[in-house]
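Right after this note come the structures.
After this come two complexes, each holding subunit A, first together with subunit B and then together with subunit C.
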Partner chain A sequence: MRLNKIILSFVSALVILFSTSVASFAKVVGDKIILGAAISLTGKYSSNGVHTQNGYNMAVDRINSMGGVKVGGKTYKFDIIYYDDESNPKRAAQLAERLISQDGVEFMLGPYSSGLTKAIAPVTEKYGVPMVEANGASRSLFTKGYKYLFAVLAPANLYLDVAIDLAVEKNNGKGVTVAMAFEQDAFSQDVRLGVLDAIKRTGSKKVIDDKLPKELNDMAATLVKVKQMKPDVLVVSGHTKGALTAIRQISEMKVDVPMLAMTHCDAAKLSKQHGKNSQYALCASQWHKTLTYKDDFFKDGMTYDADFTKEFGYAPPYQAAESSAALLVFKDAFERANSFDQKKVRDALAATNMQTFYGNIKFAPGGQNVDKPMVLFQVMCDDSGKCENKVVAPTKWASAKLIHPIPSWSKR
Partner chain B sequence: MVFQYPMISVQACLDGILLGILFALIAYGMALQWGVMNIINIAQGDLVILGGYIAYFMYLYGIHPAWGVIVAPVIMYFVGIAIYKLVINKVVDRDLFISILATFGISILFMQLMNFAFGADVVLANSDYGTTMLFNNNVVLPNSKIFSAFISILFAICLVIYMKKSKLGRAIRATAQNARAAKILGVDTEKVYAATFGINAALCGVAGALISITFTIHPYMGLPYTIRSFMIVIVAGLGNLPGVAMSGMGLGVFEEFADYILGTEFRIGSVFLLLVLILIYRRFKLSRKREYLK
Partner chain C sequence: MKNNSILYIGILIFGIAAPFVFPAFKVQLSILCVLIVLATTWNIQGGEMGYNSFGNILFYGLGMYLCASVQVGMFFPLAEWTESGGEKTFVHTPAQFFQGMAVGLLVAALVPTIVAGLIGYSILGLRGHYFAICTLGLGVAAGEISGGIEIIGAGQGFTTPPFPDVGSLDARGEFFYFLSFFTLVLTFIAVRSIYSTRFKLILNAIRDNEDKAEAMGIETMKYKIIGWMISAFFCGLAGGIMGGLVGYIDSTDVAFDGREMGVFMVLMAILGGKGTLWGPIIGATVFHIFKEGFWTFFLGWQYVALGVLIVVIVIYFPEGIMGWLREKYPERFGEVVDEKDRKAQVELK
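== the complex of A and B ==
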């Protein structure tokens, strides 16, 4: 019995020794730069997790086939180790630990969602592993003083403040009344803070401020209040569920509001699931294919859209586009650092200043991308009932004119 | 606000009642099976969601989702029977805790399977039923909600008649009262249990189809429905259909008013607070009774 125990501990010691010795030279094997990522392939984030993975894979293939990454006069190719985090923050943190300490990964790509990024960031920070993430927008990620976290996307508080500015502009610069309905999660509450800032800045007034519980898929009560108070703008953020519920109930209850602004419209496939009922909704988006940013790998948004659709059989949501952009950022940083030293790569990442098909990328000291504004698109339908998302703000990128105020239901 | 705009109270009452009727239907299924088999089915909500997906897929294939209220219960009845044969018949005469564990396991399995099969997207089925406006357009009722309530009531009435008149219904009631006595008198309790579980699953199927028409569905959205129906049953007691209907509607109205008065963020919380208060009240009443018996 005792002998067994001794043998067992000996074997496990060997295993640990072996795994750490593998770790020490696993980051770059031969001509491969190995990145690690925990992605939600199952669980409640699985659809967006798959978009993220597809975005990563698309960029890896493209960069590898177009010459790879040149460091120290040698050409390297990207490779990614994926694990499924089951949409569970605890699991994501464990997997990050495993990727770094067992698989020896020295550079990480982010998971999907703010919550999971929040779970992983302390781990990558502890080991000094640079992480470029593309799907965690919560403001709290960028206020903790993380040195190794870089996000290619605009932070959550910038999602809908553009809408308030737009409404004020349409109101000849005078303040507007705003009704807000936000889910009680980190992301939506950050969006809310951004809207509150905008309300204060523009001298507007909030008339309704509802917090939607996570379990709720009925917001009739909020909409009844909206009907009575008649605000100028209604802003809703509650992930795809919030967007779908809002449109369904607004159309059923015939709620007339001059401006309706939301998040997660394209993830919710609003125009597909609701057709004409979703018309005139304004949606915050990190990216849209008609934006005219350019790079050498994907050319521009339209080309990316076409290539992605060809490869994966569906049009890329912005979650895929930003994930692809993360790889471009890594490539750029490796080449500028001209080294695989984590500190040097980190410094190179911090100094990033580039344009990709997805947008300009330049990181603030907190790690968020400050060089890429959010865009607002409006769902517009033609007479046959075919709906399309068209960018209406900021004016620089607009491909259509904002329809304001939204025609009342009795006139549609 | 409720006093400022009196029409809000009317709206809240009507919304609450319509919502409550739907919840009551799910709760009735739970009460039935709890009463007959002494099983608390944690997977109740997941059966509801599965029913919703049936209606949703009909909608995808161009069939009006309202037909789901006929197709979903038929399919779900057999799903229920299958679950009974595979799992529930092994735990039915064990203690309550084991059945909770078993159905909890089924719940997790169903969630993951639905996620695997249908994806994690939030979906809904559009009925295009329009809206009913009352009181000079101040009160709005989506017709889909009215339809849901109407169908729920219809199914509940049919079920009550079935339980009273049919042979199986009588057998179910007999088994609920005293399983051993029923067995001695020739009732095949095994069959009764299977049928009860099937009927419960069918009710969940109807409710699910209605939910996909009125709200949204998602593989992980089952639990709130389990909890609501659990609460309604706790408040109403077992085998008490009018009680279930009343407490369902009461709960719906209470929720709506809590939403207006306390704010949306306290909506679910206030419901749980109510549950605690009711349980304390019941305990209090019970202990008084016991003292009296002494």
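== the complex of A and C ==
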């Protein structure tokens, strides 16, 4: 059969294609330290993926222009190989494998979101590739005994439990009723666990516990229940889309609730997109520009905010800030290790104890950052309709007083 | 016939040598094997039987969850493994891992087969677009439902058992490659032998005219269900392997990934040529290479590039690569063109 000839030539063409495409990079080429990162440039996390990428790029440029990394008396510059993981864990795991085994990357930066980090961590762990990640907050990442995973952020379960504490405090220490709506994904479900812990601890009561679909576009059913049950606190978490959907529908349906606690308000640019409708929303944040941490590269939060806005045309959400911090951590570790040996760099990372503009960074044995508390800010608007995020808790950083309860829609 | 065996031996040698010749591409090659299995088995319905199913992803996802659950559940409490996103850590010994995987794959193949039988019994009565839309719903529904089942991790996802430490870093890649390659060979042999029987003719008869086939005394329903069950068997197997390979199962993004895998398996079969034995294999390979290339060279625009590829396929190769080759070189496919007869026909006009 002649057909075989076609197939045979096809197979041999394949062989040639494969053998020519073995491109090899090394971890350090010339004066460059090459880091690998799978980032969500498309798909449901694309907006946060871009924040992450911008944060990485900003720090790479800054560190390189300010003298680079000094190892063994020589100066090196950072460079990052990016791939698009399409917000898909399957793809992310594949890309991690590809970065390590094909591109020869020996140091990795994290992807965006807990789910993707969960998919990548086993791969980096297997190859002993140190990964500093800035956007995977799921608590379960830090209980697996991973030795090469370091997260500059506080775990997800700490995001909103402060809000419950705050509500209880406002209720004279008595338990409150809590309505919860969380997206079906690793991060949001972890935030939920934290809230559940807080509910138990404070003797509060959950009255609604809804799981919302991914790519959250509609939560009207939950809000109808909220209108009926009149809980003291409504907690919503579902990445950027969740925050936008919640504010859109709460304002449309005029849902009155004394406290609305959310995540991802700044990544969603809530105060800009929804203006006064987003007023009084309480948001968990890893970072805020008014915090007074300092470092040599970005100086402080206000300067970072201004520089980032100048470069990318929008104010940096915390996702960008923590991503920038990841590179500062890497630089610090390389210099302390004074080597590119993966084990030595890993040990140096584990011993990190530094302050950056983003916050203090010190890793627990599990890899999470234990030296940086979460902050809560509230969206506050003036009469002209200009809205700003102001830190209201913890009191050490507060720049404004919490407005509680939220005035009803009829009085706004 | 002799020529054929040379071809098969050549491919077999290539398959066995591949992970050693291209050690850096093991994962991609494993995924390629899985893609070929999915495309080849989709072709049983879509190509030979004329039933465009978007529901095969159901069996793939089911296989994935089942294999991982069995692998964990055989040795540790499954509920604790997945609790709070998998906070607790249990470690499989190598023996436990491989035993679990073996039993898991068996379950991952058998249960979807039974499910295919049950679902097939109820929905294979639908024809044409109605069947396609119904199956589209199957995958979506399964994704949403599994995203709410706590014992398999719900929205937090399910971390499959990590590959045990057996001394070598390459062991994991090689294990999963050979597992998927073996599955591919098994699938090929099974499908090829099925296609050489009356069964294929029946499937084709259903595709060409189901009512006539029925009038000829063929119990079409029975064969349709059996065809789907065969697909489900291999899809489940492929899913089980893929779960272990990825290491993390998410309900809608990894397991019941209808948007990606579910559509890709259709695309690959169409690209290569529906209703042929080699079409899906060639289609999957070309598709995988293009896709990997687009990902590297068109960062952020890969889906645009993929979209262009699909448009080109639909416009210029509506019958796929095999169909196009067949039209171009009919004699290579053993088709004889009678020049005299052809000319006579042309001249008559």
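In the analysis below, the second predicted complex is superposed on the first by the 385 of 412 C-alpha atoms of A that agree within 3 Å, B and C clash if a C-alpha of one lies under 4 Å from a C-alpha of the other, contacts with A are read in each partner's own complex, and residues count from 1 in each chain.
Methods note: contacts are C-beta pairs under 8 Å (C-beta built on N, C-alpha and C of every residue); 3 or more make two chains touch, one makes a residue touch a chain.
Treat the numbers as computed from the prediction; the structure is a model and nothing was measured.
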> Looking at the overlay, what does A:N360 touch: subunit B (first), subunit C (second), both, or neither?
Replying inline: neither
>> Per the contact definition in the header, classify A:G145: touching subunit B only (first), subunit C only (second), both, or neither.
In response: second
>> Quick check for you: in the superposed arrangement, does A:T303 touch first (subunit B), second (subunit C), both or neither?
In response: neither
> Should A:T177 be classified as contacting the first partner (subunit B), the second (subunit C), both, or neither?
Replying inline: neither
> Touch check for A:T240: first (subunit B), second (subunit C), both, or neither?
Replying inline: first
> Comparing subunit C with subunit B, which touches more residues belonging to subunit A?
Replying inline: C
>> With both complexes superposed on chain A, which partner does A:V123 reach: first (subunit B), second (subunit C), both or neither?
In response: second
> Regarding the shared-chain residue A:N338, is it in contact with subunit B (first), subunit C (second), both, or neither?
Replying inline: neither
>> By the touch definition at the top of the document, which applies to A:N64: first (subunit B), second (subunit C), both, or neither?
In response: neither
>> Which partner chains sit in contact with A:E252 here, subunit B, subunit C, both or neither? Use first/second/both/neither.
In response: first
> Which residues would you name on subunit A as touching subunit B in one complex and subunit C in the other?
Replying inline: 42, 87, 184, 211, 213
>> For the complex, give me every residue of subunit B touching subunit A.
In response: 1, 5, 7-8, 11-12, 15, 19, 112, 115-116, 119-124, 126, 130-131, 133, 140, 142, 144, 215-216, 218-221, 223-224, 256, 259-260, 263-265, 267-268
>> For a test of understanding, state which residues of subunit A touch subunit B in their complex under the given definition.
In response: 42-48, 87, 181, 184, 210-213, 215-222, 224-225, 227-228, 239-241, 244-245, 248-249, 252-254, 268-269, 273-275
> In the complex of these two chains, what residues of subunit A are touching subunit C?
Replying inline: 1-8, 10-11, 14-15, 17-19, 22, 41-42, 82-84, 87-90, 93-94, 97-98, 101-102, 115, 118-119, 122-123, 125-127, 138-140, 143-145, 182-186, 188-190, 193, 211, 213-214
> What does subunit C use to touch subunit A in their complex?
Replying inline: 3-4, 6-7, 10-11, 14, 21-28, 31, 84-89, 144, 147-148, 154-157, 159, 162-163, 169, 172-173, 242, 246-248, 250-254, 257, 260, 278, 282, 285, 289, 295-296, 299-300, 302-303, 325, 329, 331-334
